[in-house]
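What follows is subunit A paired twice: with subunit B in the first complex and subunit C in the second.
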Partner chain A sequence: MPKNNTILEVTNLNAAYGQSKVIFDINLNVKLNERVAIVGRNGAGKTTMLKCIAGLLKASSGSVIYDGMEIMGKAPFEVAKMGLKYIDQDKEVFLDLTVRENLQLSSYATGDYNWDRVFEHFPKLKILLDRKGAYLSGGERQMLMIGRAILGDPKVLLIDEPTEGLAPSIVNDLVTTFHDLSKDSAIIIVGQNLSFVSRVAQRIYAVKEGRMIAEIRDKEEIKEATYSRYL
Partner chain B sequence: MKRLFNNNLSKILIIFTILYLLKYVLPQSFMLEVIILSIYTMGCSFLIGRVGFVSFGQPAYLAIGAYGTAFYLYYFGTNPFVAILVGILLGLIINIITGAFFIRLNSSYYTLCNQAFCVVNFFIFQKALVKYTHGDNGLWFLSRIDPTPVIDLSRTEGVFIFAFLVAVGVWLLFNYLMNHSVFGATCLCVKCNEEKLRFLGYNVFNIKWLAFIIANTITSLAGALYSLYFGFVSAGITAPSKAIEPVAISMLGGAGTLFGPLVGSFIFIGLKDIASQVISYWELLVGLMLIIVMLAGEKGIVGSLEGFLSKLINKHGNNEGLQATNIEGEVGSE
Partner chain C sequence: MNAHLIISAFVLGLSMSGVYFLLTVGLSLCYGLMRIISLDQFLYYSVGAYMTYTIVAVTGNFWLGLLAGILTTILIALFVEKIVYKRIYEKSVMFSMILSFGVNLMGVGLIKYIWGLEPKPVKAPIGGNLNIFGTEVPGYRIFVILLAALVYLAVCYFLNKTILGTAIRAGIDDAEKVEALGINIYKLFTLTFLLATSLSALAGAIHTPMVMVVPDMGMNIIAFAFMVVIIGGLGSIKGTLISSLLVGQVVSFGSLIWAPLADMAPFMIMIIILLIKPTGLYGSKYMKR
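Here is the complex of A and B:
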């Protein structure tokens, strides 16, 4: 069991695209079943941060401890297999594959064929099983992406801009879904939709120009979204 | 009827029965060339259509299989089955090694690296190993092939039956890989978005490597069959100028489709054998046809026809089909 229930601990993380440094000495930690948000303006380095944690980008220095183990330098598929899943912001599923096949892919990789948990959160996917990814709406794709990710019982879900391009009613549903999902996994959301973030997150990190400038724990401040002053 | 045409195994059975019967109408040598060329193209088509690897180096893999078979029959033994096995094994070993490096490259770099590999192979077989390969004069070993029981590979008839059975096996294998295996699905995902596949926990390198090995070993198998059929191999088999052929045939028939390589090969050999008797620049017709097929939807002949036929079958299908459409309609309206 990790110390203090901390499932993910990032220390002094630095990353660069070529010569251009993008994130500077990032420190963050997430506890089991916690819902954490990272907020910041476009280009603040939020996505880069998630990608470094997931192993998709090579960080120049720092440490990422997941479930008591150093995962820095591990291949993204190894990180995913360990139970740290990344959900991209582009809402792209495998377009040529049906919903069923998309889920099967995830099941095969994780050995978890229990889709009831997926349907419990997203009952609509059960109806859409034979529909190809190309014919799904943005909301349905988001459901499928999260559904795929929760197979294999991940301990941490990294979700990049989950509400981007979604209708308000679907965003409302996602609030409930993320609350439910956090019973099994810690969730880190990157987002600019502050009203959504305020309804989901228990703790917020504000990022500006690649630097972590504030950690907001105050419930009132989160609820009222007054942390926007940091952005 | 609809169910019959939706089942790929039935399609394979029907198409290969027709193919076998065609040898009584068309020259056997023509049909044999079509079969071997389609096996050759199958690997290339799979890599282009399912993995996203376009290679202008396929003659290299073909030549490795062909020379493996030829070396055995010319220098070591006389059993054609063993010779084919040697060709396949040599192809497999080379593919395992080259694949581990080549698949690290993306798009055009992969394409050009394969072309370079083809040029290197051409030089090796034509110049560097001329003492053993006899360069452009080639190795002649037809008279060294022993008759074999059941299927006599020392006769063209036997080679035809063997190549036909091999082709059926190859199509069953690719039908399984493309339509019924997780591996096939992951290959398609590599082509669409390999990063997404990594998020799910897949080792993309291994998937690409395995696809490369399977596809190019099938190409080496085609090389072994060519070698056996002609009883002769020269450095010309790996000429870089021929590198476009499997790519063009794949595109013409429909890259990544199950039957595209067969249709493409049939048209290609048909034009080469028939049109070349009328006009000397038969490649011009292939080029024009390729442009038209590409402009018609980039799916090749089979890809375009499949869409058209499935629409036709659905339109005239039974009530079950209509019911299925209605259900889908309901879901869509939600």
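Here is the complex of A and C:
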């Protein structure tokens, strides 16, 4: 069990694209089963932050401790195998593969071939097993991306802009889903949909121009979305 | 042009298609998954041919030569992948083109040093002719056609029915997402590269009884191989097969009608197809550039 129930601790994380520095000395932490949101405007560095944590982008300096272990410099597949999964914002599953093949790949990667939990959260996927990714709606793709990610019982899910391009009814369903998922995993969502963030997050980090400018813990402030003043 | 000539040209075209397919399917997969243009595949094609020639000369056993050709190229390819490709997978495709062409040139130089410049003949392991509608065609050409068809079915089975094949198909779509699932994409890269290499060596080995083995045999086939890959669509096995069949027949019938047409016609077809469908016949619309 990690110290203070902290499953993920990011310290002084810096990253750059070539000469252009994108995030500056980011510090954040997430506890087991906690739902945390990172909010900020377009280009604030939110996605860069998640990708650095997941190992998909190389950070220039800093430390990422996951489950008591330093994971900076580890390959993305190693980070994912350890149980820290990243879900991209583009809603793109493997378009040429069926839902079944998409899930099989995740099972192969994690060794978890029990799909009951996936179908428990997303029963619709069971009906769509033989449909190719290219023919799924945005909401169905999001279900499949999350479904793939929760195989192997990850301890942390990093979810980038989960509501982008989705119908309001699906966004409402996602609120319930994220509450349910957090019983097994900590969740970090990056988002600009403040009403969604307010309904999901227990704690919020506000990011501006690559810097963490505020940490919001006050339940009332989260509920009323008054943290928007930081954006 | 009589019926015998047409049947002969058709069978010759099919056997050439078989060689083109074996040589290009790996090129197509390498680009599809790793986004590399692996020009060193033409070296493995030549090494496959030379090893076959050498073993046949020593033991008289063609099949042993074919196996030795494949195994030797796998060893060379493992070295090349570790020394060259692992350093440039993340870089622009131009790096792979230039470096693999360098590997190819170095390899051809070594071949010239080891085996000399004079052409080497290899006797077909399958003699005799088959009678097809009254026309005698060499049995070895039919063998090449059947072998290529078998390899096509095996590659399709591997890609569509096995989990590693599924992972390769997913990687052709988006390699980063495969990694984010927890799959070591570099192991898939190595596997695909070795598969491509084995098929290139196989192409070189089975081509030996149909051509003279010369140091530049890989260089001589580059243009046709690239036409096959581009016409079929990068990353598509079905497209590679269809365009191999097309180019094989065009070259065979072209040379029958007017010799220069054998070189010109495939280019003309490639230009027309690219004008109509820039991704090639079966190029994936999902493939990310």
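FYI, the second predicted complex is superposed on the first by the 231 of 231 C-alpha atoms of A that agree within 3 Å, B and C clash if a C-alpha of one lies under 4 Å from a C-alpha of the other, contacts with A are read in each partner's own complex, and residues count from 1 in each chain.
To be clear about the criterion, a residue touches a chain if its C-beta (ideal position, glycine included) is under 8 Å from a C-beta of that chain, and two chains touch if they have at least 3 such contacts.
Please read all numbers here as calculations on a predicted model, not as lab measurements.
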| item | value |
| --- | --- |
| Clash or fit (per the criteria above) of subunit B with subunit C on subunit A | clash |
| Which of subunit B and subunit C A:109 touches, first, second, both or neither | both |
| Touching partner for A:148 - first (subunit B), second (subunit C), both, neither | both |
| Contacts of A:81 with subunit B and subunit C, given as first, second, both or neither | both |
| Touched partner set for A:134, first subunit B, second subunit C, both or neither | second |
| Subunit B versus subunit C as contact partner of A:216, first or second or both or neither | neither |
| Touched partner set for A:94, first subunit B, second subunit C, both or neither | both |
| Common ground on subunit A, meaning residues reached by subunit C in one complex and by subunit B in the other | 54, 56, 75-77, 80-81, 85-86, 88, 92, 94-97, 101, 104-106, 108-110, 148, 152 |
| Parts of subunit A lying in touch with subunit B, wherever the complex brings them together | 54, 56, 75-77, 80-81, 85-88, 92-97, 101, 104-106, 108-110, 124, 127-128, 131, 135, 148-149, 152 |
| Subunit C contact footprint on subunit A (complex, rising order) | 54, 56, 75-77, 80-81, 85-86, 88, 92, 94-97, 101-102, 104-106, 108-110, 134, 148, 152 |
| Residue ranges of subunit B in contact with subunit A within the complex | 182, 185-186, 188-189, 192-193, 195-204, 328, 331-332, 334 |
| Interfacial residue positions of subunit C with respect to subunit A in the complex | 163, 166-167, 169-170, 172-174, 176-185, 284, 286 |
